[in-house]
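As written, the chains take the letters A, B, C, D and E, and residue 1 is the first residue of each chain.
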Amino acid sequence: MRQKLARVIGGVAMVALVAGGTACSSGSDTASGGDACGSKIAFFGALTGSSAALGINENNGVKLAVDKYNKENADCKVELVSLDSQGSPDQAPGLAQKAIDDTKILGVVGPAYSGESEAAGPLFNEAGLVSITASATRPSLADQKWKTFFRAVGNDFSQGPAAGNYMKNVLKADKVYVIDDQSAYGAGLADEVKKVLGPAVVGSDKVQGEGKQTEFSGVVTKVKAANVKAIFYGGYYQEAGLIRKQLTAAGVTAPLVAGDGVNDGAYITSAGQAAAEGTILTCPCQPAAEARGTFVQEYKALNGSEPGTYSDTAYDAANIMLAGIKAGKSTREGLLEFVKGYSGEGVAASYKFTENGELDPAQVKVWAFKVTGGKVVPDQEIPKS
Amino acid sequence: MSDTEQTPAVPAQAGAPAVEAVPDREPLLEVDNVTLRFGGVVALNNVDFTLYKGEILGLIGPNGAGKTTCFNAMTGIYQPTEGQIRFRGEKISGKKRHEITQLGMARTFQNIRLFPEMTALENVQVGADAHHKTSVISALFRLPRHRREEREGREKAERLLEFVGIRHRMHEFSRNLSYGEQRRLEIARALATDPVLLCLDEPAAGFNPAEKEELLQLIRQIRDTGVTVLLIEHDMRLVMGVTDRIVVLEFGKKIAEGLPAEVRDNPKVVAAYLGVPDNAA
Amino acid sequence: MDFDGLFSNFGELTTTGLTQGAIYALVALGYTLVYGVLRLINFAHSEVFIAGAFAAIWTWNGFGLDQNSQVSGIGSVLFYLLVAMIVAAIASAGTATVIERVAYRPLRKRNAPPLAFLITAIGASIAISEAFGIYTRRLPEGAPSLVSSKPLFHVFGVPIDAVQLLTIGAALLMMVLLDLFINRSRTGRGIRAVAQDANTAALMGVNKDRIILMVFIAGGSMAGVAGLLYDVRIQTLTYSVGFLLGLKAFTAAVLGGIGNLRGALIGGLLLGVVENYASGLFGSQWKDFAAFAVLVVLLMFRPTGLLGESLGRARA
Amino acid sequence: MTTVLERVRSGREAAGERWRGAPRWVRWVLLAAVIAFFYALPNKEFYQYLGPIPTPGANFTQVMFTVSIYVLLAVGLNIVVGFAGLLDLGYFGFFAVGAYTVAVLTSPSSNIKTLWPWLLVVPLAIALTMLSGVMLGTPTLRLRGDYLAIVTLGFAEMIRIAAVSSDFLKGQRGFNQIPHPPGKYADGKPFFGVLDARPYYWLVLTLIIMVVIGVRNLTHSRVGRAWISIREDEDAAQLMGVPTFKFKLWAFASGAAIAGLAGALFAGKQNFVNSQNFELLNSIIILAAVIFGGSGNIVGAIVGGGLVAYMIERFRGIELFGVELYEYRFLIFGLVLVIMMIFRPEGLIPNRRRAAEFKDRRKEVIVGE
Amino acid sequence: MLLEIDDVSLLYGRIQALHGISLTVDEGEIVALIGANGAGKSTTMRAISGIRPIATGSIRFEGEDISKLRADLRVRRGLCQAPEGRGIFPGMTVLENLDMGAYTRRDRAGVAQDLARVLDLFPRLAERRKQPGGTLSGGEQQMLAVGRALMSRPKLLLLDEPSMGLAPMLIQQIFDIVTEINEQGTTVLLVEQNAQQALARAHRAYVLETGRIVKSGTGAELLHDPAVKEAYLGVA
């Protein structure tokens, strides 16, 4: 009895599959066949652990893209596979291999962090599996001659100088204190800022990231004594919130300037509204009003929360791949070629990649945002030099 | 009743020295005015005696008189506060404990301290290892030298277990041995270090008279193989029966020294050791 | 090396270091008490601290206070502090008791070797910490800023604020109370007796189980108060902060001589100050490095800590 | 509960008895079968028939590589904790030293740009780790018990902070393009490639077998006897002529060497090393693994190290009542440790000696407790 | 019958330390337990006070089976031991040590009275009342141990080698005090190395050898028993 039932169900599924397959193939070019339907794209990043917030933002963005695609192409769905790396390079090869093993996976959005990208990159490259990271901004990732590496955001070289210029030209800060969390991202950003500001940097310090440090009295004391006009923090929102809170508590009123790693609602929660007020956040992305269209509403409707940092870039990265699948690219080689030659508009930016996978510098726009009234509001676009 | 002269003990090894009880008076261990204090308590007070090669010296005294403390000072566990101890002419203080052992002093413990999770054989092998030179490298690759020493050590250990009479138990974990067997094992382990001087700390504690008798024979046999013996013991009969000379401690002080018969008749010793009869203090 | 950074901020580094050190000291007391009596590193004590710290925040949340709330009026501030302190102390003491019951007592009943205790302690620590992490979705929880950290007055040009006064004052007060408890009360005498010689203490009619429970409760309460002070000072709490703080507190206990109550205080304050100086001198990233380096160096020269071991032996 | 446990225990004991009672050739055949099984394990053609054993959430071969590294580490730590009885809470620090030695000397992103091949650096990594073991041990091995534990913990944390914060060790930016082990297939493709983790696993497995043979040789020699005697009664060992300090140092150094080897293998496989690889929790997990398996017993350490690493990965991809179990893995791990220690403090596969001791200890419980 | 021990065996690890010991102590008696080192005297005491678990047999105190009772509860029943090696709390002052003896008692007046009595019995302790126990000399520590045990106002006082390490004068003194305590109504079970003294003072005595009771009788009988004399008094 049971066996019979199973066979029936199996048969139905087979029919549906075949039907779906033919339905889809009719709409695409014949060369690559109809098996682009039912293929998968993967998201690769931290979904649990202390650095999960960013990964969840991105995963939700990708989810939205896939969801929308499947609604529009109900007869030819694409599946999303989420791989939880916890942001750890240790775990990255196992998960990358997992993605590679699944031949249905045609492309990967991620890895979210630079460290895990370093560990997973060689595998993707070897397997010819295209990956578009929506947030790993370490410049060196693009220098490793990986054919499959693409970056949907500007790297630290674009955002760092912009943040420096903003402090120099807009805030007119002649004395700046620079702090970073020693992460690949945070330290890279801080180094770029230091380069731009030169002698205006009167002091610098490093803290421990990843939730390892919560007590910053040493830094606070030094910042306070330096009596600066602005403070730059290279790192992520969790420590930034704590530092801002403790700085304010100690009576330091100079504004905190930070990169996109802090550009998240959780920063305001962590610092408290009062302390967070006036913080400047830079981002190699455009504000919603510029190009986001209905993204914010749709994101909220699907995930029940506001989009966070990199939700939009991940959404765009996923859409690039989906466009490829839609165009009938049903193999990894096909999709890789497609991404290489891609050029188009997304909600966060316009996309076109350079030879080594970087976002075309012409497309990189850096905006400054400001925390006002407990919300992150766009301030102005920062000129590149 | 000096048993020493009439011992028919069979030497365990060939070439044992004569059974003659007169020591050759060559000093082996010199305890030179040793004082030892712990906090406010004076554990040893100016103790002074010499142990000569080839003899069996008894160190006696009531419980808490400082015998074990004295022992510990001699084997390098405690550093004397004042005075010094010389073994084979070398100062003990400042030497590491395993160096003292390699110099030829071995001991047993009042409260048995075997390695409980090792077999009897392994326990003795640890003692035999004291003179082995195998390096970690040669053990790692089982080089010929290691195998030779391992074989020799094992043979020696088996011989010694045979000597103390527990060879049939050699593959038992030492914790599973009976009390008497453990005491014997401790002696075998100490002998495995090839000592010149063997210090026995109350080896007969917990023995019944028959076992004590056997122990007495064993101690004589050990002495007959050329090993000098220092014996701490409570049981007067055992001490009187086996020792050549006796040092009496009481309250951290030496109160008497001499031949067993002399000591036994010393009124101070009688008072201290045998207990004060009522209304006699 | 930034000598200028150290010297120009010497005063403030000292005061903030002392404040942090006071929190270390309170947590260190828990380690020291348990170690003194059971010869056991209570690895899970860091989670006892975290339980108190969360309890305090959740108490304030219960009163409708969140990280953005402003509380004015010294009366209401004191009220909130006091209530949260009591709840935190109870929560921590409760957690400590549960750990003792679930993780240690069964092992004692089986006469397990010390290593087994260490492993259950580690297991309990990981499990509790993860439970908090999952419950809070690993996100930080904010505390209201109850006590202003505006400088109240200056001593030699170094500003002193109310948070610092409160933290150090409360820590010292708790220390004195604990000292009195250990040295004057009947239970305290029992604790010292068990610490010095458990068998003889039993022969005097001391119930070891009850004494051990009291030790966990006393140590737990101290950790609870430390949790509250931490909330007041840092105003944000993440589930994972206990591990490092616990490690530092244990280091402080060893520095002072584990098992020695006054040693815990001295060790805690010293550690807080030293790591702050190091962050001034080498940069904040070397702060923890300095803390452990001090420990290692000290143990090489004084293997039993600054004041030496053992509860009671040196007159507690 | 107790009866089940008792039955399991007696069953295991019976199995142990049968094992010891079996003729030599039977034992060899069984052992060969087990080894063959583990060599075959990472082949998809083989493991796909193993039902629930392969991990659903990550590539099984990659997981098996991680597991094998943990096994190697557990075997090494077992020397220090299990045999010599030295409580080392910072063992993973040596792993870091090994991995970083390889990284610094081979990676193009290193400051010194030596770019040596992997194979040349491995012995150097082991030597350097041994040296660091001696350097850590010389001042600290005079400390006993808990103090040693906290000092080793402190040292491991210092190594981690140095890795994060010093320019030379590159912190979180790490070292990339670390070369793989040498070797080519006939067609010119590298044997140790990027995609296929099996050769790495086989390499580690082979090294584990060699290391186990070496450790067994040591424990059946004067060295092993010295270690155990130190663990049992350090004073008595000294008085029996064991140079305890020297042998403790050797225990530390040999343990460290094995960790260094593991670190070098890890770096060669991973291609990328940064400070995120060396969390303090790892040290604790390995210690727990050794005790969990049965400290003082090589087989126990292997089983413990393997099981703990495997279990943590096995939770990935399992959903229970709508929650991803992976999120709960450390919670479960912690609880398992507690329960395990309460019901089986001697570990899963204890040493025969230990098992007896624990049994006796249970009988000696103080009255009324 | 105050204390009744029936066929008690005890194991240390796998070594059997006691093989079926049976003995009784009547109210008002001094009973001595003598034997060589390692014969199992102290082990017997530990079994009675509950510091070591017994393997078989039973211990009854005032008719109640206390074999499975926790040590501190036995103290509450009126059974107090001055342990071998004195067991002074070294970090506590003499007074605090004495207070520990009265740990289970709630009657402040009675405790004060007993304290006065103990300080009266041991004037040395009164002189050193503020001194930490660890700094006392051996004899003083012994007095403190006995005094501390008395502070619990026991029905049965267990004394484990009270004369150990004491000078003859002090031994005499300690035994005088034991007799005096007994005359004041406390039953005493005494383990002694110093057989001569013990037998002279005891109403009855048992001789232990390798974990077994090999002889029993009145103190006087045993004192003059030639076998006992030879074995334990060293008098041939």
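In this section, a contact is a pair of C-beta atoms (placed from the backbone, for glycine too) under 8 Å apart; a residue touches a chain by one contact, two chains touch by 3 or more.
Model, not experiment: these values are computed from the prediction.
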Each chain counted as touching subunit A and subunit B at once: D
So, comparing C-alpha centroids, which chain is the farthest one from subunit B? A
Centre-to-centre on C-alpha atoms, which chain is most distant from subunit E? A
Mean-CA-position distance for subunit D and subunit A (Å): 36
Taking each chain's centre as the mean of its CA atoms, how far is subunit B from subunit D in angstrom? 43
Using the average of all C-alpha atoms in each chain as its centre, how far is it in Å between subunit B and subunit E? 32
Junction residues of subunit E, two or more chains touched: 13-14, 50-51, 70-71, 73, 134
By the touch definition above, subunit B meets two or more other chains at residues 116, 175-176
Would you pick out the residues of subunit D that each touch at least 2 other chains? 161, 164-165, 327, 360, 364-366, 369
Touching subunit B in the complex: which residues of subunit E? 13-15, 17, 36-40, 134-138, 161, 163-169, 171-172, 193-197, 200-201, 209-211, 230-231, 233-236
Subunit E partner contacts - residues on subunit B that touch it in the complex: 1, 39-41, 62-65, 116, 175-176, 178-179, 182, 202, 204-209, 211, 234-237, 250-251, 271-278, 281
Give every residue of subunit A touching subunit C within the complex, in rising order. 48-50, 52-53, 182, 203, 205-208, 211-222, 224-225, 238, 241-242, 245-246, 249-251, 266, 269-270, 272-274
Looking at the complex, which residues from subunit D come into contact with subunit A? 57-59, 61-63, 66, 109, 161, 164-165, 171-174, 176-177, 193-195, 197, 269-272, 274, 276-277, 313, 316, 324, 326-327
Name, in rising order, each residue of subunit E that touches subunit C in their complex. 49-51, 70-73, 75-76, 80-81, 83, 87, 89-92, 96, 99-101, 103-104, 132, 134, 148, 152
